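Just below sit the structures, each encoded as C-alpha coordinates.
Each of the next two complexes has chain A plus one other chain: chain B in the first, chain C in the second.
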Partner chain A sequence: MKFAIALFSAAHAPSSRRALLFAQAALAGGHEIVRLFFYQDGVFNASDAVVTPQDEQDLPKQWRAFINEKQLDGVVCIAAALRRGVLNEEEAKRYQREAISLSAPWELSGLGQLHDAVQDADRLICFGGA
Partner chain B sequence: MAKSLLIISRQSPWSGPGAREALDIVLAGGAFDLPIGLLFLDDGVLQLAAGQNARAVQQKDLSANLQALPMFGVEELFYCAESANARGLGKLSLDEAQPLAAEHITALIDRYDQVITL
Partner chain C sequence: MSTLHVLSHSPYGDDRLSSCLRLLGSADAVLLSGDAVYALQPDTVPFSTLQERAIRLFVLIEDAQARAIEIPDWAKAIDYPAFVELSIHHAKVNSWL
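So, the complex of A and B:
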(Lines of atoms letter the chains of each structure in order from A and count residues from 1; the text may use other names and numbers.)
(Lines give C-alpha, C1' and ligand atoms only; values in the text may rest on other atoms or scores of the structure.)
Protein backbone atom coordinates (compact mmCIF):
# COMPACT_ATOMS: atom_id res chain seq x y z
CA MET A 1 0.00 0.00 0.00
CA LYS A 2 1.13 3.56 -0.70
CA PHE A 3 1.07 5.77 2.38
CA ALA A 4 1.33 9.53 2.72
CA ILE A 5 2.22 10.59 6.25
CA ALA A 6 1.46 14.03 7.66
CA LEU A 7 2.82 15.18 10.99
CA PHE A 8 1.48 18.21 12.87
CA SER A 9 3.13 18.01 16.31
CA ALA A 10 6.52 19.13 17.61
CA ALA A 11 9.48 16.75 17.99
CA HIS A 12 8.94 16.30 21.74
CA ALA A 13 5.29 15.24 21.34
CA PRO A 14 4.43 11.53 21.71
CA SER A 15 2.54 11.63 18.41
CA SER A 16 5.77 12.52 16.58
CA ARG A 17 7.41 9.38 17.97
CA ARG A 18 4.38 7.38 16.89
CA ALA A 19 4.65 8.84 13.39
CA LEU A 20 8.26 7.71 13.06
CA LEU A 21 7.48 4.25 14.44
CA PHE A 22 4.54 3.95 12.04
CA ALA A 23 6.68 5.02 9.09
CA GLN A 24 9.36 2.49 10.01
CA ALA A 25 6.77 -0.26 10.45
CA ALA A 26 5.13 0.60 7.11
CA LEU A 27 8.39 0.16 5.23
CA ALA A 28 9.29 -2.97 7.23
CA GLY A 29 5.91 -4.38 6.22
CA GLY A 30 6.71 -3.92 2.54
CA HIS A 31 4.63 -0.78 2.03
CA GLU A 32 5.64 2.39 0.27
CA ILE A 33 5.77 5.93 1.67
CA VAL A 34 5.10 8.43 -1.11
CA ARG A 35 5.92 11.43 1.06
CA LEU A 36 6.36 12.64 4.64
CA PHE A 37 4.78 16.06 5.03
CA PHE A 38 5.54 18.23 8.07
CA TYR A 39 3.06 20.97 8.87
CA GLN A 40 2.17 23.21 11.82
CA ASP A 41 4.45 22.38 14.80
CA GLY A 42 5.55 19.28 12.88
CA VAL A 43 8.15 21.48 11.19
CA PHE A 44 10.20 21.34 14.42
CA ASN A 45 10.95 17.67 13.68
CA ALA A 46 13.08 18.90 10.79
CA SER A 47 14.96 21.51 12.80
CA ASP A 48 18.73 21.18 13.21
CA ALA A 49 18.45 23.52 16.20
CA VAL A 50 16.71 21.04 18.49
CA VAL A 51 19.07 19.78 21.22
CA THR A 52 17.74 16.71 23.03
CA PRO A 53 19.09 15.63 26.45
CA GLN A 54 21.42 12.64 26.09
CA ASP A 55 19.13 10.18 27.84
CA GLU A 56 16.10 11.09 25.69
CA GLN A 57 15.07 10.16 22.15
CA ASP A 58 16.54 12.59 19.64
CA LEU A 59 13.65 12.58 17.20
CA PRO A 60 14.95 15.15 14.68
CA LYS A 61 18.15 13.08 14.44
CA GLN A 62 16.16 9.86 14.03
CA TRP A 63 13.96 11.35 11.30
CA ARG A 64 17.02 12.58 9.45
CA ALA A 65 18.73 9.17 9.63
CA PHE A 66 15.52 7.39 8.58
CA ILE A 67 14.88 9.68 5.61
CA ASN A 68 18.49 9.46 4.47
CA GLU A 69 18.67 5.69 4.83
CA LYS A 70 15.37 5.00 3.07
CA GLN A 71 15.76 7.82 0.53
CA LEU A 72 12.35 9.27 1.41
CA ASP A 73 10.76 12.52 0.39
CA GLY A 74 10.67 14.68 3.55
CA VAL A 75 8.81 17.90 2.80
CA VAL A 76 8.40 20.73 5.29
CA CYS A 77 5.72 23.37 4.66
CA ILE A 78 7.59 26.58 3.96
CA ALA A 79 4.97 28.97 5.39
CA ALA A 80 4.64 26.96 8.63
CA ALA A 81 8.43 26.69 8.90
CA LEU A 82 9.14 30.40 8.36
CA ARG A 83 6.53 31.34 10.96
CA ARG A 84 8.30 29.08 13.48
CA GLY A 85 11.86 30.09 12.67
CA VAL A 86 12.86 26.94 10.78
CA LEU A 87 14.87 28.25 7.82
CA ASN A 88 17.17 26.71 5.26
CA GLU A 89 20.13 28.58 3.83
CA GLU A 90 18.13 30.07 0.96
CA GLU A 91 15.34 31.40 3.19
CA ALA A 92 17.78 32.69 5.82
CA LYS A 93 19.46 34.67 3.09
CA ARG A 94 16.14 35.88 1.66
CA TYR A 95 14.95 37.18 5.04
CA GLN A 96 18.40 38.26 6.26
CA ARG A 97 18.56 35.89 9.20
CA GLU A 98 21.76 34.56 10.78
CA ALA A 99 20.33 31.21 11.86
CA ILE A 100 20.02 28.32 9.43
CA SER A 101 18.13 25.44 11.03
CA LEU A 102 17.10 23.23 8.14
CA SER A 103 19.13 21.38 5.55
CA ALA A 104 19.09 18.29 3.33
CA PRO A 105 17.47 15.76 3.26
CA TRP A 106 14.64 18.08 4.25
CA GLU A 107 13.02 20.18 1.60
CA LEU A 108 10.94 23.34 2.08
CA SER A 109 7.92 23.51 -0.18
CA GLY A 110 4.26 24.49 -0.30
CA LEU A 111 0.95 22.88 0.62
CA GLY A 112 0.60 21.68 -2.96
CA GLN A 113 3.04 18.94 -1.96
CA LEU A 114 0.57 17.73 0.67
CA HIS A 115 -2.27 17.62 -1.85
CA ASP A 116 -0.03 15.92 -4.36
CA ALA A 117 0.82 13.23 -1.80
CA VAL A 118 -2.86 12.80 -0.89
CA GLN A 119 -3.64 12.19 -4.56
CA ASP A 120 -0.77 9.76 -4.99
CA ALA A 121 -1.28 7.69 -1.84
CA ASP A 122 -3.82 4.98 -1.07
CA ARG A 123 -3.98 6.23 2.52
CA LEU A 124 -3.12 9.47 4.24
CA ILE A 125 -2.11 8.88 7.86
CA CYS A 126 -2.00 11.97 10.11
CA PHE A 127 -0.26 12.34 13.45
CA GLY A 128 -0.56 15.09 16.03
CA GLY A 129 -3.63 16.88 14.70
CA ALA A 130 -6.29 18.45 16.89
CA MET B 1 -10.53 10.74 -10.73
CA ALA B 2 -9.10 13.04 -8.08
CA LYS B 3 -9.32 11.82 -4.49
CA SER B 4 -11.53 13.88 -2.20
CA LEU B 5 -10.28 15.37 1.04
CA LEU B 6 -12.22 16.50 4.10
CA ILE B 7 -10.61 18.97 6.49
CA ILE B 8 -12.08 18.98 9.98
CA SER B 9 -11.23 22.28 11.61
CA ARG B 10 -11.47 22.12 15.41
CA GLN B 11 -9.47 25.14 16.59
CA SER B 12 -10.93 28.45 17.68
CA PRO B 13 -9.81 31.37 15.51
CA TRP B 14 -7.63 33.09 18.11
CA SER B 15 -6.00 30.16 19.88
CA GLY B 16 -2.96 30.18 17.62
CA PRO B 17 -2.23 29.63 13.94
CA GLY B 18 -4.14 26.31 13.86
CA ALA B 19 -7.38 27.61 12.37
CA ARG B 20 -5.58 29.63 9.71
CA GLU B 21 -3.31 26.71 8.84
CA ALA B 22 -6.27 24.35 8.47
CA LEU B 23 -7.93 26.88 6.19
CA ASP B 24 -4.74 27.24 4.13
CA ILE B 25 -4.88 23.52 3.28
CA VAL B 26 -8.46 23.99 2.07
CA LEU B 27 -7.65 27.07 -0.01
CA ALA B 28 -4.60 25.39 -1.56
CA GLY B 29 -6.75 22.39 -2.50
CA GLY B 30 -9.36 24.69 -4.01
CA ALA B 31 -6.66 26.48 -6.01
CA PHE B 32 -5.65 23.08 -7.45
CA ASP B 33 -9.31 22.34 -8.29
CA LEU B 34 -9.38 19.33 -5.99
CA PRO B 35 -12.59 18.03 -4.41
CA ILE B 36 -12.34 19.47 -0.91
CA GLY B 37 -14.78 19.64 1.98
CA LEU B 38 -14.50 21.61 5.20
CA LEU B 39 -16.24 20.80 8.46
CA PHE B 40 -16.13 23.16 11.42
CA LEU B 41 -16.34 21.09 14.59
CA ASP B 42 -16.10 21.78 18.34
CA ASP B 43 -14.28 25.10 18.94
CA GLY B 44 -13.76 25.34 15.18
CA VAL B 45 -17.31 26.69 14.82
CA LEU B 46 -16.12 29.85 16.62
CA GLN B 47 -14.36 30.76 13.38
CA LEU B 48 -17.86 31.37 11.99
CA ALA B 49 -19.03 33.69 14.75
CA ALA B 50 -20.32 36.96 13.30
CA GLY B 51 -19.01 40.33 14.42
CA GLN B 52 -15.52 39.31 15.56
CA ASN B 53 -13.02 42.03 16.26
CA ALA B 54 -9.64 40.60 15.34
CA ARG B 55 -7.86 43.88 15.86
CA ALA B 56 -8.90 44.00 19.52
CA VAL B 57 -6.83 40.86 20.12
CA GLN B 58 -4.04 42.10 17.83
CA GLN B 59 -4.76 39.40 15.25
CA LYS B 60 -5.39 39.31 11.55
CA ASP B 61 -8.98 38.74 10.50
CA LEU B 62 -9.73 35.21 9.32
CA SER B 63 -13.14 36.02 7.92
CA ALA B 64 -11.80 37.39 4.62
CA ASN B 65 -10.11 34.02 4.03
CA LEU B 66 -13.35 32.24 4.92
CA GLN B 67 -15.37 34.37 2.51
CA ALA B 68 -12.87 33.45 -0.22
CA LEU B 69 -13.73 29.73 0.02
CA PRO B 70 -16.57 29.72 -2.56
CA MET B 71 -14.35 31.78 -4.90
CA PHE B 72 -11.70 29.06 -4.61
CA GLY B 73 -14.31 26.53 -5.67
CA VAL B 74 -14.76 25.13 -2.17
CA GLU B 75 -18.50 24.66 -1.85
CA GLU B 76 -18.75 21.72 0.51
CA LEU B 77 -18.86 23.70 3.76
CA PHE B 78 -20.38 22.28 6.92
CA TYR B 79 -20.53 22.99 10.60
CA CYS B 80 -21.63 20.84 13.49
CA ALA B 81 -24.98 22.20 14.69
CA GLU B 82 -24.45 20.86 18.23
CA SER B 83 -21.05 22.56 18.46
CA ALA B 84 -22.61 25.86 17.37
CA ASN B 85 -25.56 25.54 19.79
CA ALA B 86 -23.32 24.57 22.69
CA ARG B 87 -21.35 27.78 22.15
CA GLY B 88 -24.43 29.96 21.77
CA LEU B 89 -23.72 30.94 18.19
CA GLY B 90 -26.62 32.59 16.42
CA LYS B 91 -26.02 34.21 13.06
CA LEU B 92 -22.93 32.85 11.35
CA SER B 93 -20.60 34.82 9.12
CA LEU B 94 -20.47 32.23 6.32
CA ASP B 95 -23.86 31.82 4.62
CA GLU B 96 -22.66 28.92 2.50
CA ALA B 97 -21.90 26.69 5.49
CA GLN B 98 -24.58 24.05 6.12
CA PRO B 99 -25.49 22.83 9.60
CA LEU B 100 -24.97 19.16 10.20
CA ALA B 101 -26.40 17.17 13.11
CA ALA B 102 -23.72 15.32 15.06
CA GLU B 103 -25.11 11.91 14.04
CA HIS B 104 -24.56 12.77 10.36
CA ILE B 105 -20.87 13.54 10.74
CA THR B 106 -19.85 9.88 10.42
CA ALA B 107 -21.66 9.67 7.08
CA LEU B 108 -19.95 12.88 5.94
CA ILE B 109 -16.50 11.52 6.83
CA ASP B 110 -17.35 8.30 4.96
CA ARG B 111 -18.01 10.27 1.77
CA TYR B 112 -14.39 11.45 1.52
CA ASP B 113 -11.36 9.45 0.50
CA GLN B 114 -9.00 11.15 2.97
CA VAL B 115 -9.47 13.20 6.13
CA ILE B 116 -7.27 15.66 8.02
CA THR B 117 -8.32 16.89 11.47
CA LEU B 118 -6.58 20.01 12.70
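So, the complex of A and C:
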Protein backbone atom coordinates (compact mmCIF):
# COMPACT_ATOMS: atom_id res chain seq x y z
CA MET A 1 0.00 0.00 0.00
CA LYS A 2 1.33 3.44 -0.94
CA PHE A 3 0.90 6.37 1.44
CA ALA A 4 1.20 10.10 0.94
CA ILE A 5 1.54 11.91 4.26
CA ALA A 6 0.91 15.63 4.67
CA LEU A 7 1.78 17.52 7.82
CA PHE A 8 0.28 20.94 8.58
CA SER A 9 1.44 21.64 12.14
CA ALA A 10 4.65 22.97 13.69
CA ALA A 11 7.26 20.69 15.22
CA HIS A 12 6.10 21.36 18.78
CA ALA A 13 2.49 20.31 18.04
CA PRO A 14 1.52 16.79 19.17
CA SER A 15 0.15 16.06 15.69
CA SER A 16 3.67 16.30 14.25
CA ARG A 17 4.76 13.45 16.49
CA ARG A 18 1.69 11.43 15.52
CA ALA A 19 2.58 11.92 11.86
CA LEU A 20 6.10 10.62 12.47
CA LEU A 21 4.88 7.61 14.46
CA PHE A 22 2.34 6.82 11.74
CA ALA A 23 5.01 7.07 9.05
CA GLN A 24 7.35 4.80 11.00
CA ALA A 25 4.56 2.26 11.57
CA ALA A 26 3.62 2.35 7.88
CA LEU A 27 7.15 1.45 6.79
CA ALA A 28 7.49 -1.13 9.57
CA GLY A 29 4.28 -2.72 8.27
CA GLY A 30 5.86 -3.17 4.84
CA HIS A 31 4.11 -0.24 3.19
CA GLU A 32 5.58 2.51 1.04
CA ILE A 33 5.59 6.28 1.59
CA VAL A 34 5.60 7.99 -1.79
CA ARG A 35 6.14 11.43 -0.30
CA LEU A 36 6.08 13.39 2.95
CA PHE A 37 4.71 16.86 2.28
CA PHE A 38 5.17 19.66 4.80
CA TYR A 39 2.69 22.47 4.41
CA GLN A 40 1.67 25.60 6.35
CA ASP A 41 3.26 25.50 9.85
CA GLY A 42 4.47 21.99 9.04
CA VAL A 43 7.47 23.61 7.34
CA PHE A 44 8.96 24.24 10.81
CA ASN A 45 9.58 20.49 11.11
CA ALA A 46 12.18 20.94 8.37
CA SER A 47 13.88 23.98 9.90
CA ASP A 48 17.50 23.67 10.98
CA ALA A 49 16.95 26.71 13.22
CA VAL A 50 14.56 25.03 15.64
CA VAL A 51 16.08 24.46 19.09
CA THR A 52 13.97 22.01 21.09
CA PRO A 53 14.06 22.11 24.90
CA GLN A 54 16.08 19.17 26.27
CA ASP A 55 13.12 17.50 27.94
CA GLU A 56 10.97 17.50 24.80
CA GLN A 57 10.85 15.41 21.63
CA ASP A 58 13.15 16.92 18.99
CA LEU A 59 10.87 16.43 16.00
CA PRO A 60 13.02 18.26 13.40
CA LYS A 61 15.93 16.02 14.36
CA GLN A 62 13.77 12.87 14.34
CA TRP A 63 12.25 13.68 10.95
CA ARG A 64 15.69 14.34 9.48
CA ALA A 65 17.05 11.03 10.80
CA PHE A 66 13.97 9.13 9.60
CA ILE A 67 14.05 10.64 6.10
CA ASN A 68 17.78 10.03 5.75
CA GLU A 69 17.62 6.48 7.04
CA LYS A 70 14.65 5.45 4.91
CA GLN A 71 15.67 7.54 1.88
CA LEU A 72 12.29 9.25 1.74
CA ASP A 73 11.09 12.19 -0.31
CA GLY A 74 10.64 15.05 2.18
CA VAL A 75 9.11 17.99 0.34
CA VAL A 76 8.51 21.37 1.96
CA CYS A 77 6.04 23.82 0.40
CA ILE A 78 8.17 26.69 -0.87
CA ALA A 79 5.55 29.43 -0.46
CA ALA A 80 4.71 28.32 3.10
CA ALA A 81 8.43 28.09 3.94
CA LEU A 82 9.41 31.49 2.53
CA ARG A 83 6.71 33.35 4.42
CA ARG A 84 7.88 31.64 7.65
CA GLY A 85 11.55 32.38 7.06
CA VAL A 86 12.56 28.79 6.32
CA LEU A 87 15.00 29.22 3.44
CA ASN A 88 17.55 27.00 1.75
CA GLU A 89 20.79 28.35 0.34
CA GLU A 90 19.30 29.08 -3.06
CA GLU A 91 16.33 31.02 -1.71
CA ALA A 92 18.44 32.91 0.85
CA LYS A 93 20.63 34.06 -2.01
CA ARG A 94 17.63 34.94 -4.17
CA TYR A 95 16.04 37.11 -1.49
CA GLN A 96 19.33 38.41 0.01
CA ARG A 97 18.83 36.84 3.43
CA GLU A 98 21.64 36.00 5.83
CA ALA A 99 20.09 32.96 7.46
CA ILE A 100 19.87 29.56 5.80
CA SER A 101 17.62 27.21 7.76
CA LEU A 102 16.82 24.39 5.36
CA SER A 103 19.13 21.83 3.83
CA ALA A 104 19.21 18.28 2.47
CA PRO A 105 17.44 15.87 2.78
CA TRP A 106 14.66 18.45 2.68
CA GLU A 107 13.58 19.86 -0.63
CA LEU A 108 11.64 23.06 -1.30
CA SER A 109 9.00 22.68 -3.96
CA GLY A 110 5.44 23.63 -4.87
CA LEU A 111 2.01 22.44 -3.84
CA GLY A 112 1.90 20.47 -7.09
CA GLN A 113 4.15 17.94 -5.38
CA LEU A 114 1.34 17.19 -2.92
CA HIS A 115 -1.13 16.77 -5.76
CA ASP A 116 1.32 14.53 -7.59
CA ALA A 117 1.89 12.40 -4.47
CA VAL A 118 -1.86 11.99 -3.95
CA GLN A 119 -2.25 10.74 -7.54
CA ASP A 120 0.46 8.17 -6.98
CA ALA A 121 -0.60 7.05 -3.49
CA ASP A 122 -3.43 4.75 -2.40
CA ARG A 123 -4.08 6.84 0.70
CA LEU A 124 -3.47 10.44 1.70
CA ILE A 125 -3.16 10.89 5.46
CA CYS A 126 -3.10 14.43 6.84
CA PHE A 127 -1.87 15.44 10.28
CA GLY A 128 -2.25 18.87 11.82
CA GLY A 129 -4.14 21.01 14.25
CA ALA A 130 -3.92 19.94 17.86
CA MET B 1 -17.01 3.52 0.16
CA SER B 2 -16.13 4.12 3.78
CA THR B 3 -14.19 6.89 5.46
CA LEU B 4 -12.07 6.90 8.59
CA HIS B 5 -12.54 10.19 10.42
CA VAL B 6 -9.58 11.20 12.55
CA LEU B 7 -10.22 13.69 15.35
CA SER B 8 -7.50 15.29 17.46
CA HIS B 9 -9.13 18.33 19.07
CA SER B 10 -10.87 18.36 22.45
CA PRO B 11 -14.67 18.02 22.08
CA TYR B 12 -15.03 20.88 24.57
CA GLY B 13 -13.26 23.49 22.44
CA ASP B 14 -15.09 23.31 19.13
CA ASP B 15 -17.80 21.51 17.11
CA ARG B 16 -15.62 19.08 15.17
CA LEU B 17 -16.96 15.97 16.91
CA SER B 18 -20.62 16.91 16.47
CA SER B 19 -20.02 17.99 12.85
CA CYS B 20 -18.27 14.70 12.21
CA LEU B 21 -21.08 12.65 13.76
CA ARG B 22 -23.66 14.55 11.70
CA LEU B 23 -22.15 13.43 8.41
CA LEU B 24 -20.88 10.01 9.47
CA GLY B 25 -21.81 7.28 7.01
CA SER B 26 -23.01 3.85 8.16
CA ALA B 27 -19.73 2.16 7.13
CA ASP B 28 -17.53 4.98 8.48
CA ALA B 29 -15.39 4.86 11.60
CA VAL B 30 -14.03 7.48 13.99
CA LEU B 31 -10.55 7.50 15.48
CA LEU B 32 -9.98 9.66 18.55
CA SER B 33 -6.42 10.89 18.98
CA GLY B 34 -4.73 13.62 21.01
CA ASP B 35 -7.13 15.75 23.07
CA ALA B 36 -10.09 14.23 21.19
CA VAL B 37 -9.83 11.26 23.59
CA TYR B 38 -11.37 13.53 26.24
CA ALA B 39 -14.67 12.67 24.56
CA LEU B 40 -14.42 9.42 26.54
CA GLN B 41 -14.42 11.15 29.90
CA PRO B 42 -17.36 9.41 31.67
CA ASP B 43 -20.51 11.32 32.59
CA THR B 44 -20.10 13.92 29.89
CA VAL B 45 -22.23 14.87 26.90
CA PRO B 46 -19.66 13.70 24.30
CA PHE B 47 -19.35 10.35 26.14
CA SER B 48 -23.10 9.66 26.22
CA THR B 49 -23.50 10.91 22.63
CA LEU B 50 -20.87 8.47 21.40
CA GLN B 51 -22.28 5.64 23.49
CA GLU B 52 -25.81 6.18 22.16
CA ARG B 53 -24.75 6.48 18.52
CA ALA B 54 -23.05 3.05 18.68
CA ILE B 55 -20.58 3.99 15.93
CA ARG B 56 -17.40 2.14 15.05
CA LEU B 57 -15.10 3.97 17.44
CA PHE B 58 -11.34 3.63 17.77
CA VAL B 59 -8.99 5.33 20.21
CA LEU B 60 -5.24 5.81 19.91
CA ILE B 61 -4.16 4.02 23.06
CA GLU B 62 -1.10 6.07 23.98
CA ASP B 63 -3.09 9.32 23.78
CA ALA B 64 -5.75 7.84 26.07
CA GLN B 65 -3.16 6.53 28.52
CA ALA B 66 -1.32 9.87 28.58
CA ARG B 67 -4.58 11.50 29.68
CA ALA B 68 -5.69 8.74 32.08
CA ILE B 69 -8.79 8.08 29.98
CA GLU B 70 -10.26 4.60 30.43
CA ILE B 71 -11.51 3.07 27.23
CA PRO B 72 -15.09 1.76 27.46
CA ASP B 73 -15.91 -1.66 26.04
CA TRP B 74 -17.83 -0.10 23.13
CA ALA B 75 -14.64 1.53 21.82
CA LYS B 76 -11.49 -0.18 20.59
CA ALA B 77 -7.99 0.84 21.67
CA ILE B 78 -5.41 0.74 18.87
CA ASP B 79 -1.69 1.40 18.47
CA TYR B 80 0.10 2.94 15.46
CA PRO B 81 0.43 -0.29 13.43
CA ALA B 82 -3.33 -0.78 13.86
CA PHE B 83 -3.90 2.88 12.85
CA VAL B 84 -2.03 2.16 9.61
CA GLU B 85 -4.15 -0.94 8.97
CA LEU B 86 -7.33 0.97 9.81
CA SER B 87 -6.43 3.63 7.23
CA ILE B 88 -6.03 0.89 4.62
CA HIS B 89 -9.32 -0.75 5.59
CA HIS B 90 -11.18 2.47 4.74
CA ALA B 91 -11.23 3.98 1.27
CA LYS B 92 -10.44 7.47 2.56
CA VAL B 93 -9.05 9.06 5.67
CA ASN B 94 -10.48 12.43 6.65
CA SER B 95 -8.51 14.29 9.29
CA TRP B 96 -10.43 17.04 11.05
CA LEU B 97 -7.42 19.37 11.12
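Definition applied: the second predicted complex is superposed on the first by the 128 of 130 C-alpha atoms of A that agree within 3 Å, B and C clash if a C-alpha of one lies under 4 Å from a C-alpha of the other, contacts with A are read in each partner's own complex, and residues count from 1 in each chain.
Quick note on the criterion: a residue touches a chain if its C-beta (ideal position, glycine included) is under 8 Å from a C-beta of that chain, and two chains touch if they have at least 3 such contacts.
On a predicted model such as this, the values are computed, not experimentally measured, just so you know.
Undergrad: Have a look at where A:39 lands relative to chain B and chain C in the superposition and call it first, second, both or neither.
TA: After superposition on chain A, A:39 lies in contact with chain B alone.
Undergrad: So, does A:114 touch the first partner chain B, the second partner chain C, both, or neither?
TA: So A:114 only meets chain B here.
Undergrad: Mind working out whether A:130 is in touch with chain B, chain C, both or neither, as first, second, both or neither?
TA: In the superposition, A:130 contacts both chain B and chain C.
Undergrad: In the superposed arrangement, which partner chain does A:8 touch: chain B (first), chain C (second), both, or neither?
TA: Once the two structures are laid over each other on A, A:8 reaches both partners.
Undergrad: In the overlaid three-chain picture, which partner chain does A:18 touch, first (chain B) or second (chain C), both, or neither?
TA: second
Undergrad: Taking the superposition on A as described, I'd like to know which of chain B and chain C A:26 touches: first, second, both or neither.
TA: second
Undergrad: Can you pull the chain A residues that chain B and chain C both touch?
TA: The answer is residues 8, 123-124, 126, 129-130 of chain A.
Undergrad: Quick one: which bits of chain B touch chain A in the complex? Just the residue numbers, please.
TA: Listed in rising order, the residues are 2-3, 5, 10-11, 17-18, 21, 24-25, 28-29, 32, 34, 114-118.
Undergrad: Touching chain C in the complex: which residues of chain A?
TA: 1, 3, 8, 14-15, 18, 21-22, 24-26, 28-29, 31, 122-130
Undergrad: Which residues of chain C touch chain A once you look at their complex with the stated criterion?
TA: Interface residues on the chain C side: 8-10, 33-36, 60, 79-81, 83-85, 87-88, 92-93, 95-97.
Undergrad: Considering the complex alone, what residue numbers of chain A touch chain B?
TA: 6, 8, 39-40, 79-80, 83, 110-112, 114-115, 118-119, 121, 123-124, 126, 129-130
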